[in-house]
Amino acid sequence: MVPLWMYLVVAAALFCLGVFTVLARRNAVAILMGVELMLNAVNINLVAFWRFVTPATMMGQAFVVFVFVVAAAEAAVGLALIIAIYRRRQSVVADDANLLKW
Amino acid sequence: MIDWTNANFLPWLIPVPPLIASALIFLLFNRSWFLTTLTALAATILSWGMSLAVLLRALGLAFGDPLGGSAFSSQIAWMDTGTTQFNIGVLVDPLTAVMLFMVPLAISMIMIYSVGYMANDPRRERFFGYMALFAGAMLTLVVADNLLLLFIGWEVMGFCSYSLIGFWFEKESAHKAGVKAFMTTRVADVIMLIGIVYLFAQAGTLNFRDIFFNHEFLAELASTPALIFGGAISAAGLIGVFLVIGTVGKSAQFPLHVWLPDAMEGPTPVSAMIHAAAMVSAGIYMIIRMYPLLAAGADPHHGIYNAPLMLMAYVGAFTALFAAIIAVAQNDIKRILAYSTISQLGFMMAALGIGAYVAAAFHLITHGIFKALLFMSSGAVIHAMEHGEHHAHAEHHGEHAAPIDVQDIRSMGGLRQRIPVTWWAFLAGGMALAGFPLITAGFWSKDEILAEAWHLGVGGEWFGPAVFVFILLAVAAFLTAFYTTRQLAMVFGGQPRTAAAEHAGFVDPEHPTPAAQAISGFMQGPLLVLAVFAVIAGFVGVHPDFPLLGAIFSPYGNPFHNFVTGTLAEEMPKVAFNWLPVLISFLVALGGIWAGWMVYWRRPLAAGQEDPTKVALDRVSPALYTAMQRKFYLDELYNAAFVRPAQWISDVLVAQIVDRGIIDGVLHFIARAATVIGETFKRFNRVVIDGVGDGIPSGIARFGGWFRQLQSGQVQQYLLMALLSALVIGMVVFVRLIGRG
Amino acid sequence: MELTAEIVVFAVFSIITLTGGVGVALTRNLFRSALMLLVSLFGVAGLFVLLAAPFLAAVQVLIYMGAIAILIIFAVMLTRGMVTARRVMNDQWSVAAVVALFLFAVLAVIFVQVGQGESAVLPLNPTGDPPADGTAALGQALLDPAQYVLPFEVAALLLAGVLSGAIYIARDDEPDEPSQTRG
Amino acid sequence: MLKEALIQAGMQPGWAAFIDIFLGVLVAASFGMVWVLFGIWVERKMAARVQDRIGPNRVGPWGLIQNIADALKLLTKEVIVPRNADRPVYFAAPILAVVGVILIAAVIPFSPVVIGTDLSIGILYVIAVGAFGVIAVLMAGWGSNNKYALLGAFRVVAHLVSYEVPMVLALLVPVMLAGTMSMQGLVREQHIWYIFAVPVTAFLFFISSQAEVGRAPFDLLEAESELVAGYNIEYSGMVWAMFYLGEFMHAFFVSILFAVLFLGGWSGPGAEQIPFLGIVYLMLKSMLVYFVQIWLRLTVPRVRIDQLLAFNWKFLVPLALANVLLMAFLFKIIPTPDFAGAQAIATNEFAGVAGGIYRLFGPNQIAELPRTGLLLLGNIALVGVTAALLGQAGRRARRQVEALVDETDYTPRAEGAEHTAEAPAAAAR
């Protein structure tokens, strides 16, 4: 049986990739993808822990479902915002949207 | 309430009416001439009445028990000077009583006289105000029971004399004279005040009776060495000297007499008041009052003299002679009298110096009376001359006669027919002054002094000062007689030398009716009264042993002598009657008069003729007469010695150097220093405070600028930072966990 | 750890997931990175299957790949201009890389140490077996009032709100030509 | 059975299971590929017949070989790749499209025994796999670097995604009835074909699956008259063939699904006993459904893209939701049929007539009869309501039009009523 920590390591790797993407990519959409990656990494962890630690209760899976919901919502709003920004400023580069500063 | 009949209270009231009158006149009545004269006369007569009442009481003639040895006195608390309480009060003792006889009399006569004299003067109300104040001050001085109240009266009189001398202030010489009088008396008064203060410091009180009647104190005072001149003089001596100097200034003795002749600038009643009734006599009165103090530690009768007595004797005698000499050479009618006053006061001072204070008092009284008479009559003469001047001027409107000096005797002459009443009064006064034997008061008082002088000096052992005094006084008496007769001759004898003299005396030249006398009734009344007194006053002090008159007038000893000695604690030894001094005084008086008559009366001067004395003296030395006339250049001397240096001091030293140099310098320096300090502060301020003040905000601004970059608007930057911090915190927590785990 | 089929399959899916992730991170072309995202999602679905959560795998594929990824691709399409942008990374990528690596290192170290150490927290082998019909059990859990019905309802509300909001945000302001189906 | 053999052969159980499943799926997939060829022929023949023409008959007897000939032709055709197209994406698209469809085959229950793999979430897996199709379309659209391709891809994606919603809702009902999502489970539970219990759901599923596949009225994907050939414009040769293949297989698999869900799959008399019979039954049912599809495709006019979407979101989805709610409500109310009791009666010799009927009709079927009846009633009620609503909507639309159009010559009214480009009400809504 594949030990738990392998799953965790893979999830961590995926998470770090997600983090890197979010922090490094210039394109807002790419950032969103990064976020999706991170959420998936979390899902892996959740399911892994559910499977290894508490298979009886459905908490892990329920949590994952809710993560899906949130991810979907987040993606929807995120993209809507990006499109709105793009429409107004003709640029989706995260750096350009820097008006909210002093 | 005040018990009018109680003798103790009466003295309080004597000085009050004139003071009130002066206040009223000044404040309320200075517009109406009638009211002014009314209040002034009423006040003086009222005070005269009261003083007469006191006098009679004192003499025991009325109002119950006679004074005897005691004195009325009552005191009230006046000032609370810290530890000691200062009382002032009134004191009536035989000396005061005597003064109360002479002073009010003279003052009232002068008041009445001045009503006539000042009738048509534009500022006559003001004049009466001052006169009333003057009278009040004199009376306060007389009744005062302590030295301070006396000094207050003294000062007020000084002020009144200044204002009265300078009454016609539009005349340059008048107000200069006023200032001169005021300054010289002030010098003396300051020294006197020092004496008073020193006395007060020693005695703790200034009350006459407290000081002069406790002998231990006087002895102790005499023994303690004086503060300043320590060894040479005792405390009492020093105080005495100071007081004497005060009197010298006040009574115009030698060094400080220069103000008296100039005081003639004032209207005649003033000069009368000053030289006769009040001012000068005050000084002598004060010395008599202070006699025990001055004589402390000395017994003139036994040849023991101390500093004050010596001072008085020499100064008095010398002044008498000196003034007499100058008087001979004077041509102004009032100036002659002024110098005669100075010499007469010299007589009194000398008498006091040798211990004959009773004789001095007697002479004081008599002199007061006939000198007042002389001044008022001279006033009348001047009045007449003014009328003459007017008429002469009116008649000879054509050619302008040179305006003559109405007061110059050389422009007078032959006025005995024109103003007969004045002529008789003037004669009486003159003879009294000259000391015409037997019938005039002057003779008796002067004789008394000479007798005393003889007895103490020549008669007995040849004591130093007494002899010196006797000789000088004798010569002075001769000269007095001489210049008096000269004056009489020049003024009244011979023919009128000028047109003014021609018309003098008559209001209306056409019909010389006595009614239209130039001199109004007001003026002539007092003259006659005083003339009478001038004659009879002398009989009060006749020596009992005097051959004929003694028995008549003084059956039980010299009445005046008995009466006055009551004031002093110890009894003054009576002087035995001695023919020699009386004979000398006879000789001197008659000799002087004869001489004067010979020179001036028999061959009256023609208009413009040189004064024979001058001619005589010129033969001796041309400069002598002019020197005498110019008062031995004393004025110039003083002027040079004091006035000019004072002016120099004031305008050069003080103004330029002190004021401008130092004070301004200091101020400028301070100002400059302030600006410099201000400047440095400004620079400091700009550098430090501004530096700090601006530094902080700009620092913050810079920090703000830098800090702003932190919020770059880059979402990813925030995320990175968040992650970093999370990591760090995680690490820390983890390490802690590991640590604990 | 002998080389069981399961490990091989696990390795395969992990590789798929990670290459997908790397692809998302690094590919220059945005569309390609989106596709790489799909690949990694598929990998994750596979891992779910391995972890005996078939329903989740299916849901993952259906929702994530079917909907969210498509949505993202739509977004990529709509912002066409930026797809072939020249600079892919912003200027803080180096720091980000370091931090990510550091993070991964930390997590990996912890997981490996603790995991192998047979600690209760990270058991090596599953402690129990999942219920026979996992999907039904999950359905029960989601709607069982004792368990997760409230979060479920809230999630529903959330979705409703979010989606309508997103539509409003993204709606184009200028009204285009009147749509055909009026009324 | 293969698996046990392998295990004995010493292979790890994991591997053995893996290989076993792998082979099963392989077989199913290949069946799919083979059948497509036949399927295409059938469709072209029917189309011809409908259009009163003969159809392919030259190549091989009755044109059977025509497809193979086409395939060969396509194989030899040169694959032209547009310049700076996104090559990997371009080539991955067709593969993904085919894969997406083949994967469905993995779970098709050909017979009680023959099945790729019986996933517990079978039907969900099918839908999930459907997503691949969507991705493939997108990749094709983007990969071919062609504006029209991209636009076409957008349209198709929108279309597919939106029709997925009613399809999933429709699927819910049989899963709810069967209580399980696994294919075999569904087939076995369908004692009475669900089409009789929930015809509305069946209707919904049929339409949405047609849209999913992109056939018939909704075949906008590559409609010739529309955007050239939709997303597969740039594809030619074998890659285009892949798309074409994928599409047909998808159509067939959907019909199989329909058969499984609503027509009882392989169930039929004797299906349990003879595995092959099951397959035959399934094939017959799916051919029936496939026939209906083609029939629909050839007769119904094409629907415009916005009408398509409007029809979905304004009619299908609400209907589906209502249907699900109704079914769930009814399902809750109707007591579950006690198959045990029915079995007992059937096996109880003494049951007499009842026993006879039960045996005749199969005890389970009879047990399920009441529920099915009630459900049928529910459906009928639903249809009635929907019809009423539609009628009302239609009348309102008609009135609006009449208000605008003069009855006589159907020209816009004289008094210049504001001329709106009022097209006659859409057929659909």
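Order of writing sets the chain letters: A, B, C and D. Residues in each chain are counted from 1.
Throughout what follows, a contact is a pair of C-beta atoms (placed from the backbone, for glycine too) under 8 Å apart; a residue touches a chain by one contact, two chains touch by 3 or more.
If you're wondering where the values come from, they're calculated on a predicted model, not measured in any experiment.
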Measuring between mean CA coordinates, which chain is farthest from chain B? D
Which chain pair shares more contacting C-beta pairs: A-B, or A-C? A-C
Using the average of all C-alpha atoms in each chain as its centre, how far is it in Å between chain A and chain D? 34
Centroid of chain A to centroid of chain B, CA atoms only: how many Å? 124
Take the average of all CA coordinates in chain A, do the same for chain C, and state the distance between these two points in whole angstrom. 6
Whole-Å distance, chain B centre to chain D centre, using C-alpha means? 152
Please output the residue numbers of chain A that touch at least 2 other chains, ranges allowed. 19, 23-24, 94-95
For chain B, which residues are shared contacts with two or more other chains? 714, 716, 720, 723
For chain D, give me the residues that contact two or more of the other chains. none
Listed by label, touching pairs are A-B, A-C, B-C, C-D
For chain A, which residues are in contact with chain B within the complex? 19, 22-24, 31, 94-95, 97-102
So, in the complex, the side of chain C touching chain D is made of residues 4-6, 9, 29, 31-32, 35, 38, 54-55, 57-59, 61-62, 65-67, 69-70, 73-74, 77, 133-135, 178-183
Which residues of chain B touch chain A in the complex? 708, 711-716, 719-720, 723
Mind pulling up the chain D residues that touch chain C in the complex? 12, 14-15, 17-18, 86, 88-89, 92, 119-121, 124-125, 127-132, 134-135, 138-139, 142, 150, 154, 157, 161, 164, 180-181, 304, 306-307, 310, 397, 400, 420-423, 425-426, 429
Of all residues in chain C, those that touch chain A in their complex: 1, 4, 6-7, 10, 14, 17-18, 21-22, 24-25, 30, 33-34, 37, 40-41, 44, 47-48, 50-53, 55-56, 59-60, 63-64, 67-69, 71-72, 74-76, 78-79, 81-82, 85, 87-90, 92-93, 95-97, 99-101, 103-104, 107-108, 111-112, 114-116, 122-131, 134, 137-138, 140-142, 147-148, 151, 155, 158-159, 162-163, 165-167, 169-170, 172
